[in-house]
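Both complexes below contain chain A, partnered by chain B and then by chain C.
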Partner chain A sequence: MSLKRQDGRNLQQMRNIEFKLAIDLSVDGSCLYKQGLTEVICLVQGPRAKTQSELLLIEYSVSPFSNIESKRSSKFDKDYSMFAENLKESFENLIILDENGKSEISISVCVIQNDGSSKSAVFNAITLALLDAGVSMKDFLVSVTVGLDQGNLIVDLTQEESKTAQGELTISYQSRKQKIDFYELKTLKLQQQEMDQLSKLAVSKADEIYQWMKEEIYQIKQKQIDQ
Partner chain B sequence: MQIEENLHHDKKEVFLPGDLLSDETGFISGTNTYEEQGKIFSSTTGTINQTNKLIMIKPIKCSYQPQIGEIVIGQIVQIRDKKWIVNIGSSSEATLHLNSTYLPEQRQKTEDDEMNMRQIFAENDLICAEVHSVNNDKSVNLHTRGLKYGKIEDGLLIKVNHYLIVKQKRHFIKLNNNVNMILGHNGQIFLSNQDRTTNNQKVIYCQNYTVQQRVDIANTGKAIKFLQQNQYKISQISIEKVLNYISEKKPQNDWIILIEQFFLEQKTKQQQDQ
Partner chain C sequence: MKVQLNSQPRLNKRLQVMIQAKEVYLSSDIPCQIRGCAFCNQESDIQLENPIFMLDNEILEQYIDLIEQSNINNIVVLQSQVAYFRKRQQQSQYAQQMINLIESNFSKKIYVYQDEFSIHTQNGNPLILLAQWYNSHRQFLKTELDLCLLTQNYQMHQQCKNLNIKCFTIQDYVKLYENNDLLDFLGMDEEFEQNQEAINNQFPYIPVEECVQQIKQGLLFEGRISIDRNNIKLARIFVKQFQLEIKINQQNRVLHGDRVAVELLSEDQWEQQQKQKEIKFDEDDDDDGNNNTHTNDTSHEIMSTSHLQNLFRKVQSQNLVPYGKVVSVLQRTERHFCGHVENNIFVPADGRYPNFILKHSKYDTLQDKKIQVQFVDWPVWSDKPLCKLKKVLGKAGDMYIEGNVILLEHQVEIREFSHQVLACLPIEGDKYRISEQEIKRRMDLRDILVCSIDPVGCKDIDDTLHCRRLENNLYEVGVHIADVSHFVKPDSAIDKEAAHRCTTVYLVDRRTDMLPKLLTENLCSLVSNVDRLAFSVIWIMDDQANIKDVKFGKSVIRSVASLHYQQAQEMIDNPNDNSQLTQGIRLLNMLAKKLKQLRTDQGALSLASNQVKFSFDDETHNPSDVRMYQLYDTNSLVEEFMLLANCSVANQILQRFPSISVLRRHQEPKMKQLKELQILMNDLGYQFSFDTSKLLSESLDQIQRPNDSFFNKLIRMITTRCMNEALYVCTADVDYPELYHYGLAAELYTHFTSPIRRYADVLVHRLLAASIDLESLPPSMSNKIRMTRICDKLNMRHRMARFASRASSDYHTYLFFKNRPQQIDQAIITGILTDKVTVMIPRYVLEGTIDAQIIDRMNIIIQGTRYRIFDYIQVEISVELHSFHKKIHMKYIKNNN
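Up next is the complex of A and B:
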């Protein structure tokens, strides 16, 4: 008999993923991304005339009401600022920026509801919003969170599960190049063998999400062309 | 989540970033593609466009890329020496040189003109201009020679997505209800009562609006906004189609309800055709 998790999922089953493109017509690209109860909104202002010195601006924020405990996030919080830097680094490599350095792209992403795996949701939301804006980039960047709970390998942790988990791994992955871009491990104690298992599982799940996401977008864009 | 594996696109029409376009040698990568280890990949979402050995992707949605001869509406951002910087919503800035502006009399621009640039166009003024040339680094030079172009004021500006605008013979349009429209290629539409196409007068001056004109302009604006929300192409024909529908039905009912009825009818027509 297979084990079930708190919310009735199988051990390696993702939550239901939904996304909606072009939710805001006043910006160039936008996306509302839902993964279970986790919700992320992302807005992209596509290549426009430069107003600042940087070519790529990323603004990452977590709304104060998103967590169970209401907590105001600040720019000086180490966790937030570190992650914002990581985001910038990985998307700088992904996006084909203007060679002449005369145009900029600004991305603002906000976690509206946090029910675990919010960091991987942020990566996916930004990728989709960039795609909606028509920004030229090299590949998809797909992200997934896996964990180890009571000796079981589980995928897409909720907030409750991440509290009790022994280890939690978030990766972002470029499927075509088979290259891991971002790697974050939160753990108390983990053995080498378990670590390898986690990485392998994360990569295979990221591949699955990549295939699924691609299929969905093909259908959306095909409809747009047919119109 | 159900994942259908190994789905092949035999007749793949849409390409996404990172899709392989060609792995043979001898092909040249065009716009919106990139080359890596001898293979050519797509870099945006769009349809393929191949001429001989050159492979390009025609994007579905992208930021506005100006082309020579297009009419744009923009806002003055900055004044520099002998030129204005204009925001037309493209990926890089547009400049309007002092020499390419209009003077009522025929003479060369003097130093006095340079000193009084702010009297011609000041910051935050809206102007209508034509794309004169596009440089290698994608920056744009504009010109406002001719009576049609220049400062625009006293009207209604509507911003829509630029890819919805249909390229037409004329972009200075007089609609059925006597509203004058400037259809900018960059997705900005300006409605007013000033007729810019007549060549009789030397300077375009603003006339006072009557109540009926105000109503007409507001109605046209609403029609355009609804066209945008439903992602329909915007042209003289499509706007007039909406306006005719409204005037036939006698707008005693609420405007918004009427417009929604119109689009519902259009959608059902489309479904029946399919």
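Up next is the complex of A and C:
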């Protein structure tokens, strides 16, 4: 008998991913990204003439109604500010920024619904929005969350599962360079062996998502060209 | 894969309603597991064969015994059904039995179909949809499919007829296909249920929905009935919401343990509460185990209604006891009853339940048999409830069967370990050897002289000791406990089973293990001259037994001797014996005495119990002698070090895990009863104060009577009865000062030293291992709510185990006196009731009552002779058994002075 998870998925099955590009035509690039019930919206402006000192500006927010226990996010919250920093660092390396320093790119990303794995959804949403905006990038950044629950390796944790999970690992991965960009592990205690397994699984899943996303994007763009 | 979105409202922390959405992924590849199905084609250990059955919830709940005995061998159970029973597993024995059947699939093939995740069983009755789906597999099978749905639901029958599914009620099925003997297990037939007049004091129940409404409005009160063990007419409920006790005037067909709705009678019908003067001897009034009073927040709303407030104020100020009558049963107690049959009346062994009417075709076969029955109904016209036969246990009077009855009545698990549990044991069985790798990870203490001291015939040795002299007048003392957590991995089947059983239950003639025999008697038992895994606590002490340093760690030991108490005592006393081991034991003895002194100085109590020891006749296996437990110095030696180990471990785990540790606490005694004892003692001319445990301990020491060593023991026994029960607590619930252990005068205390027979110790072992960074803490143990629940369960099981052992001891006392009629012995008057006195026979630690005339608190007249309390008299003993409790009849003979 194959083991099923709480929501009927197989152990290493992702939730259904849907995304919509160009949802807001007033900005250069936009994306609504859904991974199961987790929903992230991302807007990209630029490259455009510089209005402030920085070349890349990322604004990360979590809507107060995204969780069942509504919790107000604040700029002073450590978890949020750290993650915003991380995001900025990752994409600064990824995007080919203006060498002369005369143009800027601003990204605004918001978690509308959080049903687990929201951080990996944020990465994916930004990547897609940047692609939609046509910003030149060195690589394609995809992200995935894996976890260890009762001795089983599982992929794409829901909120319920991440409460009970023994370890939860989120990575973002540059597929072409085969390089892990962002690595976050939440756990009480994990054995070395288990961690290796988790990392390996995360990378292979990230590759899968990359392939899938690439095809989807090609199809969408092909359609646009045809029209 | 199709996704279905379910949403349900729930409350968040601020009691706001939120809608929580949940996705369910429906798959179409869940196999049917029929042998040879070409469509599913799955290799699996379960292969269903014709005929295949599906059962609805009612049948699974009510007729599970029938199914166990019948030819229904291939069953498809829905996952949602299993979840339904698992949820109620704790409260209901019916659900428990169902889960047991699924988990231990020895005889039956039971396939749990994951209907919640299947695309075929959505939107409709899953049983019927599943049956339809199974029927659609006919074309892929080589043989004809014989699928049968058993249900008691009329609507389902109609639906099945339309859809061409074979469908029966259980009655029809048994009559058509099964052995006629099984008909007896079906219970009542319709012929019995005639409309008759309601008899006195009984009236129909109010519908449950209406009750719930009225409870919310504060017109009715809800609670669990508890009935007095000695008088079935006395019943009361405790309303948790208001901390209010209501006595029940009109019982109206309730059974002990039912959840009922009660209406208060008008106040002029209440009686003034009679103050009870005598010391209560019955300590086990409540054995429900749900006495933890979590008051609901909603109660404040109801309390605000002025009528109720006035009422409570009045009750409290005037010491009134409100009386009420039962208007409805919200939920029947879901348990089975053991007992025997007289004519067609079933007499339960537990005296808190009334006699039942049993319908059975052949009563003769049931005479002098012990049987188990299940409650069916209690109609208004009947003065007795109806029941149906569940199981014939065996011949009454047989010692083994009676033991089984005792265990069953105390909800002790007596089934064998399932093969899933046994699969968790090491594959090598008793040839298991510790691997080199494992030894390397542990402290190697095999060259240290370690020994164990236990009672005679003890097979599950879980503690060993060592002591050696270091330099500078320091001593190294080690306590080594069997490392059970090495074999019982968290969340494995064996762990779940142990968590369910919680404790090993000791009856006089046998024990019911928490863990399989291979572990308890072999791999975990620290027998001599074999390498064994242990968890060690090692102290460095000075010669005044002050602890300088303490170290914890897993180790490998090799015990050099398995001693028993008497043997060890003889070794200490023998001046010619100067072996290294004996010297070690002498050192331990010396340190133990110092430790005891330290403890007594802090105010630890030493109390006496009325535990007795039986010796058995080898041939008849009847008890040949009853004695009080004999204690040696070495008993206290082992005890002291175990206490010390427990205290040290408690400190360690609390430091590291302040919110999820499992500790044992002992609250202050029942002050009211102690006060009564104080008045009595003062009248007798003894000092008696109990403000602190130290004062109490000192008072107890000075209560002596010349030429009477038993008197002191007796007073200690009476004091023990004033004590509250020690309980396991999760530290999330309790603040620091409340963790105090009153009896031991220890700030912190836990159980660490007997992991073979107590589950609490296994938990503590895991916490300790995690606290010294040896192993990671299992995630399930960092959940506070779950830990609290486990602690409640541990307490309940331990209480039940204690009652079971006492019932067994009572039964054997009864057997002992049955063979020896008209024993005459000396007894001491221990307490004065309204028209009786309680007396105790020191030789057998046996209690009974004698009719007497009461003059005042101190003086009584028995058949014309005047006595004072605690005087000795001669009595003749005869014993009867009544609901597991020996009923001792004592007849006054004459004054022995």
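Here, the second predicted complex is superposed on the first by the 227 of 227 C-alpha atoms of A that agree within 3 Å, B and C clash if a C-alpha of one lies under 4 Å from a C-alpha of the other, contacts with A are read in each partner's own complex, and residues count from 1 in each chain.
Here is the rule we use: a contact is a pair of C-beta atoms (placed from the backbone, for glycine too) under 8 Å apart; a residue touches a chain by one contact, two chains touch by 3 or more.
For clarity, every value in this text was computed on a predicted model and none was experimentally measured.
Following the overlay on chain A, a side-by-side fit with no clash is recorded for the pair chain B and chain C. Look at A:Asp181: by the touch rule set out above, it reaches neither chain B nor chain C.
Chain A is touched at more residues by one of its partners, and among chain B and chain C that partner is B.
In the superposition on chain A, A:Leu131 makes contact with chain B only, while chain C stays out of contact range. Within the superposed three-chain model, A:Asn100 lies in touch with chain B and out of touch with chain C [touch as defined at top].
Applying the stated contact rule after C-alpha superposition, one finds that A:Glu168 touches neither chain B nor chain C. Geometry note, superposition on chain A: angle between chain B and chain C about the Cα centre of chain A is 150 degrees, to the nearest 10. Within the superposed three-chain model, A:Lys189 lies in touch with chain C and out of touch with chain B [touch as defined at top]. Using the contact criterion defined above for the overlaid structures, shared-chain residue A:Glu208 touches chain B, although it does not reach chain C.
Of the two partner chains, chain C is the only one that A:Leu37 touches; chain B does not reach it. Looking at the shared chain after the overlay, A:Asn16 reaches both chain B and chain C.
After superposing both complexes on chain A, the closest C-alpha pair between chain B and chain C lies 8 Å apart.
Overlap of the chain B and chain C interfaces on chain A comprises residues 13, 16. Taken together, the chain A residues at the contact with chain B in this complex read 13-14, 16-17, 25, 28, 46-50, 96, 98, 100, 102-103, 131-140, 176, 208, 211-212, 214-215, 217-218, 221-222, 224-225, 227.
For chain B in complex with chain A, the touching residues are 1, 3-5, 7, 9, 13-14, 16-18, 32, 34, 41, 43-45, 47, 59-63, 87, 89-94, 137-139, 161, 228-229, 231. Within the complex formed with chain A, the chain C residues making contact are 1, 3, 10, 12-13, 18, 20-27, 31, 44, 46, 112, 114, 116-117, 491, 770, 776-777, 779, 782. On the chain A side of its complex with chain C, the touching residues are 1, 4, 7-10, 13, 15-16, 36-37, 68-70, 115, 150-151, 158, 164-166, 188-191.
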